[in-house]
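Below: one structure, written as structure tokens.
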Amino acid sequence: MSYLLEVSGLEKAYGGVKAVNGVSFRVKEQTIFSVIGPNGAGKTTLFNLLTGIERPDSGSILFHEDQLVGLPPFKVALKGISRTFQNLQIFFNMSVVENVMVGCHRLGNASMLSAIFRLPSMLREERLIRHKALKALEFCGMSQMRDKPADSLPYGQLKKLEIARALASEPHLVLLDEPAAGLNDTETVELSELIKKLVENGITVLLVEHNMGLVMDISDEVLVLNYGELLAMGTPSAIQKDPKVVAAYLGEE
Amino acid sequence: MYRTMIKGLFACMLGISSALVLTLSAASAVHASGTIKIGSFLALTGPASFLGDPELKTLQMYVGEINQKGGVLGKKLELVYYDTSGKAKVAKDVVKRLIKKDRVDLIVGGSTSGTTLAVIDIVEREKIPFISLAGSIRIIKPVKKWVFKTPHTDRMAAAKIFEDMKKRNISKVALITGNGGFDKSGHAQCLDLAPKYGINIVADESYNNADTDMTTQLTKIRATDAKAILNFGFGKAPAIVTKNVRQLGIKLPLYQSHGVASKKFIELAGDAANGVRLPAAALIVAEQLPDNDPQKPVLLSYKKKYEAKYGPVSTFGGHAYDGLFIAVEAIKRAGCVDKAKVRDEIEKTKGFVGTGGVFNMGPDDHLGLGLDAFKMVEIENGAWKLLY
Amino acid sequence: MRLLGLGIFAAVIAILPLLFPENYYVTVVGVTMFFNVILAVGLNLFMGYAGQISLGHAAFFGLGAYSSAILTTKFGFNPWLAMGAGVALVWIVSYLVAKPILRLKGHYLAMATLGFGIIIHIFLVQYDTLTGGPDGLSSIPELSIFGWPINSDLRWYAVSATVMLLSILFSLNIVASRHGRALQAVHGSEVAAETMGIDTSRVKVHIFVISAVMAAVTGSLFVHEQAFISPDSCSFFFSIELVTMVVLGGMASTFGAVFGAAILTYLPEFLVVFQDFKVLIFGGILMFIMIFLPEGLFVGLCRLFTHFKQEQKECLTS
Amino acid sequence: MYEQLLQYLITGITVGSAYALVGLGFAIIYNASDVVNFAQGEFVMIGAMSAIFLNAAGIPYVLSIALAVAITAAVGMALEKFAIEPARNASVVSTIIITIGASILLRGAALLIWGKDIYGLKPFTGEETIHIGPATLLPQNLWVMGCTAVSVFLVKYFFDRTRTGKAILACSYNKRAAYLVGINVKKMLLISYGLSACLGAVAGILIAPITFFTYNAGVMLGLKGFSAAILGGMGNPMGAVAGGLMLGLLESIGAGLISSGYKDAIAFIIILLVLFLKPSGLFGKSSWERV
């Protein structure tokens, strides 16, 4: 089995503080790879580096053996990586289905002129995009609220909407940043089912999460970050037994 | 889908209803014949309002007086006026309104050159006699069939000033002007005329009319070998220039244009105004004119009436007086308000004694004033003094 | 179905001059309103949909207008050719300034566009050998379409209404496309838009250029209709007025922009009768609307309307 | 050359001082309420015009100035109370339009109250020219510079040292948190607007003897003040002061050394270049979107 994502020696500092310090790991295709660690461990920074929102000071990120470092976020997205956000980044000025249709942006290529004159090619593409968006909504169980304005949705649904939007771009790799934060137990169960279903559909998932139950339940591999450094990496069961991890989470306070 | 539809429908309903209200209100204002409609567009607000304000007062006062005496050709005069704020864009719109909505018989107005120039095309196209109250020579040169004006031109002002400089043996002059239409036009005329009078412009500075201070420009001028300073402008800027000249201790003679020929300038500039020379219409020095001057009775009568009602006169109100009476005389001679006939009669104005001078118009002169209509005036102890 | 609103609007515009062919408010103010609508609809794409701000939009209008004016009066160009040249100029200028300016956000973007507008304005005032200075340029030749001169109010009404309806149609089309969604995504969250594969800086530049070009076309038409142009017509105040049209009608709504432009064109026409009070009243109305309907008059009223409908429905069902 | 330069500096600092005070007003309101108050220039006009008219009405000079500042502060607070507060849920652009509406309204009111004439104010102390080497200045120039310095110092002291000032700063960082620790946010907003109007009035009264005022003289000063605040970095009051002084100097030196006709263009080109290099102004904190 080949590696979809290969990260090596990734570093990022703000002022004097190293948010990510020499992190290396590899993610196999069609697996769930989780990143855990205490608050401020550098998890979101890691995601921002992977998606091009921030530029690493050094290190390399290979995706399908392509170098991602130095690419702007939209080019990273065009390669087939999409993500959700810890602080919701919903397009509140649009409806639910339109949000997801934005996710399909990379699948279209109709020009501005064809849009202005509504040429048949553009209309065809538009129908396809709409179809795909509806499918993504259905996949996340949100079909019934497709025409609602996004700002009228409750928090839990918005979280799902972000996932639907990320899926709509038909990515190879999805980065989920704390998808379970703020969800109740039933919603969390639904979420874990959804994530498993993703993998079944051939998508690789990179997960940042605080909910240990969820992480240990669904992950194939877990990486533990602490103060920007890699503390441990391995299967969920191995991580749970790792004394360094236990110390970082429980002791030393 | 449904929402955009509703929105569209809603927009249309609002659009239709507002349009209907508009047209209905317009329908009630149908041309009430039986009056002679004089349209006017003036700078009643904004930086040029000191032009438009006395102009409007003059027009209102004399239209009232004429109507009291029974009107013109047995008809009452009706004054329709709009404010332009001195903006060309607004002028264009309100003149369209005067012509197409109010359907005026002729237009007397346009306080500033910018607003006048903006409407010349439409006046020519719609064939309405138009007497402008603005200064620029571009208004009447080349001659436009339907456009006349009463104030002296900026070119005449420049010529008058240069004549005076020549008399005083001044040949090196520093020019300082604002960025308004009046300023820029005057500036162009100065540059054009200077060589003809053997005058060398050694500095050419400009300022923004809204500026609070002009010492920088004047400091530059101080460093040149200019023997006099000429400031072409109106409003508050020339007063600031005058004060700044004194503040910088510049002892050179300071010339202003006819744009400052109002009491306000002396009031604002205070002591610094003393010694300033400018060309101006005879109105401000009416009492000092010799008794045999044909203008004197007209000037004194206008001045008396205006000051009894509104306070100190300025030459600008006088231009409106001239415009109104040239028009009224022309209508009387034409015997009707037929636009083409009135226009022809305005063009035949001869020997009309107004506040600006004695007007003798003709097919190639739609102003009809000579350089002698301008008086050279100096400010002495806070009052105008007639030089010649 | 999608264009029902536009269809009705077009029908009204077509019928009005037939009913009132000589009415000042229809055939004269109407043309001004149509021009303002094109400008507002264009600016709304950039402001309302893409969530940016421009306080210098009048500059593009001015560049378009002056290009036409200068090329036809001083160089004897055919008016259509001059219009093309003006549009090309604005295309290039707006593209060049868009790159650095659109990196800025919020108030800094407002300042930069404002500065750009003022610089262009100063240039138009000062470079008088070419632009005629503050007095502007006059006697600009009329337009004609295949020998049919556009020389009366009604003809101008027809031409400007056509261009306006087309611009509304194009705007509606853009909004209902992948590009329109990209615009709104940039507005909603620039980071999220980027991670969805949208080149946000390119999207912003594109829509800036499009709305600038729309302004240039309007400027060019305006100058031929008025036969006159002066820097007044493209000052910073006009930029502010355009922004006010967009916001007053309601952002991110093409018909909102139409509505805002209509109000700001007709309101001053009414207020003329109040003379010295007109400034005060105008400011008061502006404040009042924005305080009580901060989403804009049109959008706010639509919301009230649908709200009311919903309540009615709920009353009926319960 | 040197003698001229000194004169340019004096002019630049005098004009810049007024810009600085207006810019400071912008920054204070922006800090407290995230609103860019486009009616700031109107405060300048109201301050100057009220002082002129109160003085002309026979009220002693100093008292009329104090009253004028108080009137302007009241107008500022009324603006907050009746226009900004009821619209606190409005978007940034909507509040901008509200303040633009307010500026038109205030201008309209000034037109009705004071008419369209141009007015000047008597200088604080005499009109005898003071010579500094080759340059000259009026006592009023010194008053402008001195009072501006004092005002800026007082504002700084107010925010750094006083309880109320710190409370306003707290509001600017986080309104909810400020509210939760017991700060009366509404009152703080009111005070900010009042303070900012005061500064505008002071600027107007200081320069009224140098320049002249009409009902619409506030527009240009407001615009320059906004530019100053942005140049310095919106939300940094001392940055706005620096921005104002720089703008004044830019205009004066640009006019003196390059071209007086294009001096405003020169100033704006430099502002644009600064923004291209530092997208959040000279002294503004750069901010990035947190995700």
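Before moving on, here are some points about what is shown:
Labels for the chains are A, B, C and D, by order of writing; each one numbers its residues from 1.
Here, contacts are C-beta pairs under 8 Å (C-beta built on N, C-alpha and C of every residue); 3 or more make two chains touch, one makes a residue touch a chain.
The shown structure was predicted, so the numbers you read here are calculated from the model rather than taken from an experiment.
Separation of subunit B from subunit C in touch steps, taking the shortest path, is 1. Farthest from subunit C, judged by the mean position of CA atoms in each chain, is A.
The interface with the greater count of contacting C-beta pairs, when B-D is set against C-D, is C-D. Taking the mean of all protein C-alpha atoms as the reference point, the chain centroid lying nearest to it belongs to C.
Centroids of subunit A and subunit B (each the mean of its C-alpha atoms) stand 71 Å apart. Centre-to-centre, using mean CA coordinates, subunit B is 35 Å away from subunit D. Centroids built from CA atoms put subunit D at 31 Å from subunit C.
Averaging C-alpha coordinates per chain places the centre of subunit A 47 Å away from that of subunit D. In subunit B, the residues that touch at least two other chains are 44-45, 179, 206. Counting only residues that touch two or more partner chains, subunit C has 126, 191, 276, 278-279. The set of subunit D residues that touch two or more partner chains comprises 111, 261, 264, 291. On the side of subunit B, the complex with subunit C involves touching residues 1, 3-12, 14-16, 18-19, 22-23, 26-27, 44-45, 82-83, 87-90, 92-94, 96-97, 100-101, 113-114, 117-122, 125, 136, 138, 179-181, 183-185, 188, 206. The touching residues of subunit A, counted against subunit C in their complex, run 51-53, 72-74, 76-78, 82-83, 85, 89-94, 98, 101-103, 105-106, 108, 110, 112, 115-118, 122, 125-126, 129, 165, 169.
If you check the complex, the residues on subunit C that touch subunit D are 47, 53, 100-101, 103-108, 110-112, 114-116, 118-119, 122-123, 126, 190-191, 236, 240, 243-244, 247-248, 251, 276-288, 290-292, 294-296.
Those residues of subunit D that touch subunit C in the shared complex are 30, 36, 83, 86-87, 89-98, 100-109, 111-112, 223, 226-227, 230, 234, 261-262, 264-265, 268-269, 271-272, 275-276, 279-281, 289, 291.
Interface residues of subunit D, counted against subunit B in their complex, comprise 3-4, 7-8, 10-12, 14-15, 18, 111, 116-118, 120, 127, 129, 131, 136-138, 207, 210-212, 214, 216-217, 219-221, 251-252, 255-256, 260-261, 263-264.
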